[in-house]
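Shared chain: subunit A. Partners: subunit B in the first complex, subunit C in the second.
Let's turn to the complex of A and B:
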């Protein structure tokens, strides 16, 4: 295989993989703290993309500056979804650590959000306009690198780094980690479990908002846009280890590289087969994922 | 106890009153369409076109031979999933007791749902769904308005040959890139046959998933294959993503030729902008068609729904008129009578007849024998990007010279 081709494919694979990792980051964060899977995560991404779309369209800002609107809006959205929808389930099922009902409720939320978007915005495929990043490419001879994806990959690293610092070095971050490790012990130490749940959910949703801002410059916005990313996120999160920030990024890059390099040797649709085979393999061999912490149950 | 009796009495009354109100005769038509999922946008157009036609038909007095019976449209969302489609077809026939079925846009859904209709003997009108075999199973109850896909691919190759003859230049290599559903793989199978006698060499034969999150790997593959002609079958979201990514990576074949579907979606041009320029697409109908009533119908549609009619919307629109015409002649709601009337259809003029050809007439298999195709090029003639009919030459918009080959990027 031509080394130039390989370099091109690796660059695209890593960039796109990091962006997949960013999408999965919100899912893994919420799981890490609440220990429940948010099935509506793809819809949160969709909401994030619409928020990004409208923030850019209405304010005329570029997608990245528009993050000052998108991130708080999405944080509040996640915060209140947890407070109003998820918390009552935890209260109702006090004796259960991971209430299965949450899966049902978030699945319901997924349908409600997707159909609400269909109702409000119609099925149209929307492209960002104005879009200062559209068609921006860095050309280095035969190798072409997409600028919006490069920005997206940098945004991913910045987000992951920021979250890492927040969790390791702030008081609130420590409280989040404590709740994640043992919510009863954390409560006994005076940490407000519900508040931490709300905040963790809010942060996870805000990250979906960042993903929205990252994706809109090169991806269309439509009501079911979350579904293809959703499935990918589940695979990434399991691959990297549920609850692990860096695991999500590594998982994303692995999938990005498979998707990008694989088609040189086979029809591109077969790369999905490899991704799922790997997914099963990890589940069999190392169910906690590559970077998963030993579970505390 | 007493109170609950009262309650149930009130409830019964509530349920009974609307039932009485709807007792007037109506023809129930079950429509199976992709109203959510990757094809929701075309599903919605199909729904809107049907509703516009039925509003007109009901507004003009309904089906007179049935005492002015109104047509009632019921919808089921197939989500582009054959299993969902089959369940909904069963439900329409057994629970809703529909008199006719119509659908289902996705060939993959139409294929099994028409089999359900055939089993129950319920007439099934297929406005759009191009897979050949839908009308090649000896079914008696399936009537298709649109051209079969073998006619589409045949015309795509004839177009390529004609363009080389008219404008010179040779097209020596071709890449087949298609969505991996029934529709795309069906087209590709025929391309592989047709290419043998075309003198072109196939340099890439690549299916892809319409719900792919990244098409860059596919585009890089096309870039490395360097085809003269890029033949595509795409749904809406992927047609947009593919066109933009091709432009980003400066992939410049001499001809990019779509197969309707996503390339004909009204949002395609707005979402791709200048990247869509010079792309060719095969269609059944275009807004610049010279046919009485066509412009009025398009203007009405645009005023109502905000987009132009597409070939597929026109098929859905005309299908409703063909159905009303058959019901009028059948004068009965018996499925066999409706079937017989549909088979005898010869719809030449009258409202709704805005297709490019002269008459809708079904052959033995239920295929509309006259369905015809044309090819458009997307270009900007100073009034923004638009679709301009270029082929067959007789139908070409006056004064337009197609841009062939596409300028290199």
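Let's turn to the complex of A and C:
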């Protein structure tokens, strides 16, 4: 195989993989603190993409400056979803650490959000317009890099770095980590468990909003856009280890590479099968994933 | 007449009414809707064996539907083997797959089982969509398999094809009644108690010496076997299967939703869930699919969220309470006529044509064992432990 093509595929794979990682980042953050999987995460991404789409269309900003609108909007959305829908489950099932009901309720939310979007915006595929990043390419010798994807990958690294700093070096971040380690002990130390849950859920949703902004310049928006990302995110977080930020990025890159290099060796539709096979393999062999903690599964 | 007898009589009446229904309902459309309703009730009941009793959340049961449908169809199309035999072959195959999935995953906690069943169903769908020929077997990839209908207007039992809807109706109703009898027997057997104990508190159950994982795997195997039978039925009813129709997450999720809204772990739950939700789906598809697409899924999602938040054990519980009250009122008032008054059915069966589906109300915890619709005796040793408060001779 031509090394230039291989390098090209690798770069594409890494860039796209990092963006997958960004989507999974929100999921893994929520899991890390609440110990539950938010099945509606793909729908949150869809909401984020629509918010980004409308923010850009109505304000005429380019997607990245529009983050000023998107991030707070999505944070509040997640904050209230957790407060109104998920907190009652934790209260009702006090003695269960990872109530399965949350999966069910968030799946219900997934159905509601996706179909509401279908009802309100219709089934059309919408592309960003005006789109300042449309089709921009960076040529480096023989290798071509898509600019929106490059920006997306950089945004991923920035978000992950920012989250890392927030969790390690701020007072609130320490409170979030304490709650994730042991919520009873954290409560005894005067940390409000519900507030931390709300904030963590809000941040996870805001990250989905960032992914939405990152994706819109090169990905169409439609009501079920979240589903492929949803399932991919599940695979990524399990691969990287549920609850681990860097694990999500590494998992994302692995999936991205499989998807970009795989089609050289097989029909491209098969790569999806490889991804699921890998997922099941990790589940059976090392369920804690690459960077996860043993007690989390 | 005791309340227990009263309830049993109601049950028998409802079952008989279900069997007599095609005499009244002549429209093929309505019969078809009823058939689909029973089919969903059947699949949800088999789902409930794992999802309800064992306390885990399987989100990939369509894989067994798919295995059942594909196996019998391939055997019929390529080898001329009757779908009735193919049904059993598919079920055995599905049971094997169920074992393979369940063995490693059922030991895991919470979300991992749900995730791996989802991944499994998606993986199998991708495989089937990408394979035209699996060795000598023709899967035909994403185009699916078409069962050529027999000559116009001709039906054949051997080919599992009938010219009218009635035979399908009776087949699925018989399957449903049988599987309900079976579930209620299992729920009152040692295995049922082990499963429930493992579902409620795995650590405590294990400390008492219950091999929780083993019973969960056994439930999974039984459930996948029975689910695959429904797959063959579905294939023979529609005569056309393709990966996106039988191997989808949508179907898996819908089964889970019906069971959860009805009441997971209760025997009447799937029936009540199907009774409440299928009509919503059918009618919103017929009347609103053009103007308000996806409306029924919004309703489904909202109902699911509301039920989970306010009535986490499903809608069966409050309905059964009403039924108990009605039974308490009617039982003393009817001293010795074993004849069946139909009024008391109303609380549990909102729309009367579908009332046949309440047969198993008495099997929920507060009704003693015994009166299965088929008159089969309860599982050995279960009666003593399962008869609670209202045991009045």
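Going forward, the second predicted complex is superposed on the first by the 294 of 297 C-alpha atoms of A that agree within 3 Å, B and C clash if a C-alpha of one lies under 4 Å from a C-alpha of the other, contacts with A are read in each partner's own complex, and residues count from 1 in each chain.
We adopt the following convention: contacts are C-beta pairs under 8 Å (C-beta built on N, C-alpha and C of every residue); 3 or more make two chains touch, one makes a residue touch a chain.
Predicted, not measured: the structure shown is a model, and the values here were computed from it.
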Combined model on subunit A where subunit B meets subunit C, clash or fit: clash
Subunit B versus subunit C as contact partner of A:135, first or second or both or neither: first
Touching partner for A:279 - first (subunit B), second (subunit C), both, neither: second
Subunit B versus subunit C as contact partner of A:3, first or second or both or neither: neither
Touching partner for A:287 - first (subunit B), second (subunit C), both, neither: second
Subunit B versus subunit C as contact partner of A:267, first or second or both or neither: both
Which of subunit B and subunit C A:108 touches, first, second, both or neither: second
Partner chain in contact with A:220 - subunit B first, subunit C second, else both or neither: first
Partner chain in contact with A:123 - subunit B first, subunit C second, else both or neither: both
Which of subunit B and subunit C A:190 touches, first, second, both or neither: neither
Intersection of the subunit A residues that touch subunit B with those that touch subunit C: 114-115, 118, 123, 223, 267, 269, 272
Interface residues, subunit A side, partner subunit B - complex: 5, 8-9, 12, 16, 20, 114-115, 118, 122-127, 134-135, 137, 144, 146, 218-220, 222-225, 227-229, 232, 256, 259-264, 267-269, 271-272
In the complex with subunit C, residue positions of subunit A that touch it: 36-37, 85, 88-89, 92, 98, 100-101, 103-105, 107-112, 114-116, 118-119, 123, 223, 231, 234-235, 238, 267, 269-270, 272-273, 276-277, 279-280, 283-284, 287, 297
Complex contacts: residues of subunit B adjacent to subunit A: 36-38, 40-41, 43-44, 180, 206-209, 211-214, 216-218, 220-221, 224, 236-237, 240-241, 244, 247-250, 265, 267, 270-273, 275
For the subunit C and subunit A complex, residues of the former touching the latter: 55-57, 104-105, 108-112, 114-116, 118-120, 122-123, 126-127, 129-130, 253, 256-257, 260, 292-295, 297-298, 300-302, 304-305, 308-309, 312
